[in-house]
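Down below are the structures I want you to see.
Consider the two complexes below, in which subunit A is the common component and subunit B and subunit C are the respective partners.
So, the complex of A and B:
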């Protein structure tokens, strides 16, 4: 019975010109978005592996050098481009792709794609996630807003009811009649994305499982929108009123709510500006140990303590190079300062995230957006994870350089040179992103909110149609 | 087959139907006559359970339509003044769909036979409803009754707006169904058709069933006189 109703709904929808035009447009948009993303992804990935190779060979072939100079000379950590960013590019456009790693200083990721683009990029990009999260719900509204109102307006609802069909079965049939067209569009995209990703060389992180999970999330999101569409259509007598109401709901949940929750999060937990942030770090640095300035008060204190510990009178008598040791102590100190301040930033980030999670109850768009970015590893959490790994690598690298200098040279001997042996003892920067188990654990609340939306919207739909009057 | 027991409906203090009782037996065609707003459509909507009675009961096959809304609908076919079908589906597809909702399954040839039996010309079966005239749509309604093997027909001014030939054809179909034992309750303005086709007549005025008679008791002229007497 339900399938019979769904089939009739589909036949009707397909025979109407409205559906054909929108479905073809939507499909073309998705395909175009997928192709654009694919070529972008491939070129970025090629650049990435090329740059990575170059940076490593520069490091290995830097010749003979003082280790601390080598630490100053530094190297780069490149953020891997994840295969699923093909679907959802998330915040990647704004976060930068590489971090310069050098002594004494923690740098931000640089070279965000948005920097290279013209003002046009402000109008958004044609990416699959844009179509999937903004346009598909609109498509659902467009084909479903009159699911009930049309029957009511034309009088077929009376005939339907007089045939003794239960309203819930009728509703489920109509539900399927909306879900199937969405599936017809989504499945080819899913298959195509899987083929693209499987054919990209060096796809490393790609798992079909993650892509399936991503599509599952979107399908739940669409189910919620189908429920809302049918719910509204069953409430009103006139199709145009239902349509305008649904458009309003779409605008609020997809356009207004994200902006509002961002505004609330920013108001409650503002981020410091770049200038403020750097100033706070500079203040803390000044108060502490300066590895390059032995006359600094903190440095003097450390010198006294160290001399006492080793029972000698001067730094020249120490069993290691005092300069190297001092610089490493300074390094540790600045690393602590960076850690402290970045931790503060992260706290703000966590607080903001919690605000988003609580406002997610007000719009199904929000949990879907966050889940999508998290699964594609293009959210801020993924970026933080990478930046932290790069910082740890930096600390390790600089520590090794200073340590080598302290152990293998004499105080005041700035002519000491290290060579390939030292450089190759530093492993290449390898970054493993968080496992999917972790990603899902971090996003449990989003998943729960989305499922709650699904259940509650079904319940609301059930309540509305069972109480629906025939005349 | 159809029974109204002290059936009444009140809308916001206004009595659309005052307590009314009547019975329609198998093979009967009970015609409800009366001005607009007399309560004819209200009575039919009560039998369809589209509205619920304020008092009394409407029974179909001895079952209360409020208590058993789905069961009682299995027995009936409803044809309103303007039978609205899905304009983008063909006559055959509409028939298949609505019969399917009533859990009736037949091979395609059977459905075509029902359409033919209802008098719909063969070349229209596969055309979309949007190309149908009103008379053709009402015939699909009759085919629906045939496919459903309905024991009760609820008709709300089914012939108004039909040309005399179409109207005549429709009446003949009703007579055919009544011979099969179908009980029909029909609201109409057509005194002539009521006398010709109907077996029983009920006259309504301001929510009251003021007169009940059988059509063989009365001739055309007297029927009209009686009607006008009640309406004035």
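So, the complex of A and C:
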């Protein structure tokens, strides 16, 4: 019976012009989005790999230099791109792509694409995720809003009931009648995306498993919207009212809720302003050891301790270059300060994330949005992970430079020069993203919320249709 | 008659639902605007306070003016107007405060405020958003069955028989809806005026004018669709698709198109080049750097080429070269961004949603072009500081000889010279054209 109803629903939906038009539009949009992302990223990627290559060769070919000058000269860490970022570009537009690594200073990633764009960019981007999690629910509403109201308006609901069709079976049939068209669009897109992503070069390893997981999440999300659509349609007498109500729900959950959550998160856990943040770091830095200033109190203290430890009277007699040693100690000190303050920043961000996780209870869009970004490795957590890796690399690089200076030159000898051998001893920056196990562990709450949405919306639908009046 | 129509309209569940939703989101948007303004005020208060503390602390710490100025940051502020709370635009991405040292400028221009990018991604629910996205939806919900509901309920024939002019009857129905929508808009704007304590000035009036005209455009558009006299479901679908295309798909596509048309790889190139040009000077003969520096600033020639291993004159000359020698890349980048801005504007004139968004941002001074102006002013500000401090550093003036207290954050204002009449013209023409066409359609069917 369920399948008979589903078949009848399908025939009706497909026969009507709006399905054909919207399905074709949707499909065309997705293809265009995929194409746009691809061409955009190929060009961006080309620029990046070019810049990356240059930066590395500049580092290797910087000639003879004092190691500490080389540490000041520094290098750049570039954020790698992953194949799935073509599906969901996440927050990458707002985070910046490269971090300048230099002595004494932890820098923020710069060159966020959003800075160079007009306000139009805030309308959204024509990327696959935009179509998949923003537009597809609208499509579901469009083909399903009158699933029950239509029967009611034409009086066929009473007819069906009088013939002994249980309302639940009828609902399941209608449910399938909505889900199959969605699958009909999602599956080709999935296959195309898989073929497409497996064949692009320079984008790191493509994981089919992750893509499958991503589409699994999307399908659950669509099921939630199908439940909501049928639920609303079963409540009202008139198709028009059901339609406007569903539109309202879509608008609130996909358009307004993300923005409202942002406002709440910012209100409850505001970020420090840039000035505040830098000032606090500067204050802490000034309190402690300054590697470039041997007259600094902390530096004097360290000098006494070190002299005592080695049993000598002056820094000249130490078995290593005091300047290099002192600078490295200063570096360690500043690294600690940065670590401390970035940890505070991270706490704010974690708190904000938790706000999003609670508001996810009000909109199925939010958990889906965050899961999608996490799976595509384009969420803020992935960015943090990258920034931390870059910072560790910076500490290692600067440490190596200072260490070489301490070991191989004499105190006061700023003319000491190191060469290629030292530069090549610093490996190129390599970054391995967090494993999927970690990613999923970090997003358990989003997964649970989404599944809860699925179960609760099913329950609500069940409750509504069993009590449904036929007139 | 009028009262009856109004009563019948307001009694409808759809109407009540949409009004309630609109009111709730409208109020929320005003509160969010207020939160934004408060955050900006906090930032500005912080900046002023910190700048003083920062200068005082460093002056205490450093004896050499060259070293001191290595650390000192000076602030230029473009304070957002109160009306920015109505249309936050790009002000959340691009900071209103620029803090610079007198060293190489390039990298300092790209500093951003600390932000959770997830927040930037969701964007702001400001009043501009409510007007551009949500009001049209409400207008659609009010108008899509203006005529068809009568036909579907079978009352249209009665009306046709009983009233002198069906068009007049439709106009009465329409005017009730228009009036209610304007009341809603007026109410929310009044709330915004009170809550944000907006000053009454040209900006506010322009904002209100644009908001009214934009809403009227949607009325005209819906009326035009309705004038083809199709059934409710067809109208709803057509109008909704139009909304989706105008408010969501076209802006996204245009933005992608423009971003692809004018890629800005130069920003990265400028940064890398600036670092290269500065750092290579450490290993060069001092004379080369100093000669270049004195070609740029002949007035400082008298300070000569320093002989010692390290000297501040030479240091700042090297820093200067980082900027001078990456100038070409910087200009190329700026030109590209301007091209983007222009292309977007040009394309937007025919798309009311985008046009209105850009206009709102222009009026509230929260657009990309305001930010570009601030960047230009920062470049000037930076140059002014350099010229002021260079001679002092070169002469190694004692730190105490300067009155450091006078360096308070400076304020500037990026003006947007928009010709509001000209800017409103495309919206007006579209509205007028669609409305006339709609009336023409009705006349035609009436005569037949």
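Note that in this section the second predicted complex is superposed on the first by the 467 of 471 C-alpha atoms of A that agree within 3 Å, B and C clash if a C-alpha of one lies under 4 Å from a C-alpha of the other, contacts with A are read in each partner's own complex, and residues count from 1 in each chain.
What we mean here is this: a contact is a pair of C-beta atoms (placed from the backbone, for glycine too) under 8 Å apart; a residue touches a chain by one contact, two chains touch by 3 or more.
Everything numeric in this text was worked out from a predicted model, so none of it was measured.
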First (subunit B), second (subunit C), both or neither touched by A:166: first
Partner chain(s) touched by A:8 [first = subunit B, second = subunit C, both, neither]: first
Which of subunit B and subunit C A:460 touches, first, second, both or neither: neither
Per-residue touch tally on subunit A - higher for subunit B or for subunit C: C
Contacts of A:362 with subunit B and subunit C, given as first, second, both or neither: neither
Partner chain(s) touched by A:158 [first = subunit B, second = subunit C, both, neither]: first
Which of subunit B and subunit C A:272 touches, first, second, both or neither: second
Which superposed partner A:344 touches (first subunit B, second subunit C, both, neither): neither
Partner chain(s) touched by A:194 [first = subunit B, second = subunit C, both, neither]: neither
Residue numbers on subunit C that touch subunit A, as the complex places them: 13-14, 17-18, 21, 25, 28, 31-32, 35, 39, 42-43, 46-47, 50, 53-54, 57, 61, 75, 89-90, 93-95, 97, 99, 107, 110-125, 129, 133-134, 137, 141, 144-145, 149, 232-233, 236-237, 240, 244, 247-249, 251-256, 258-260, 263-265, 267-269, 271-272, 275-276, 279, 282-283, 309, 336-337, 340-341, 344-345, 348, 353-354, 357-358, 361, 366-368
Interface residues, subunit A side, partner subunit B - complex: 1, 4-5, 8, 11-12, 15-16, 154-156, 158-166, 469-471
Contact footprint of subunit C on subunit A as seen in their complex: 18, 29, 36, 39-40, 43-44, 47, 51, 54-55, 58, 63, 65, 69, 72-74, 76, 90-91, 93-98, 100, 108, 110-126, 130, 134-135, 138, 142, 146, 239-241, 243-245, 247-248, 251-252, 255-256, 258-263, 265-267, 270-277, 279, 282-283, 286, 345, 348-349, 352-353, 356, 370, 379-380, 383, 414
Sites on subunit B touched by subunit A in the complex: 45, 48, 50-51, 69-74, 76-78, 80, 82-89, 93, 97-98, 100-103, 148, 154
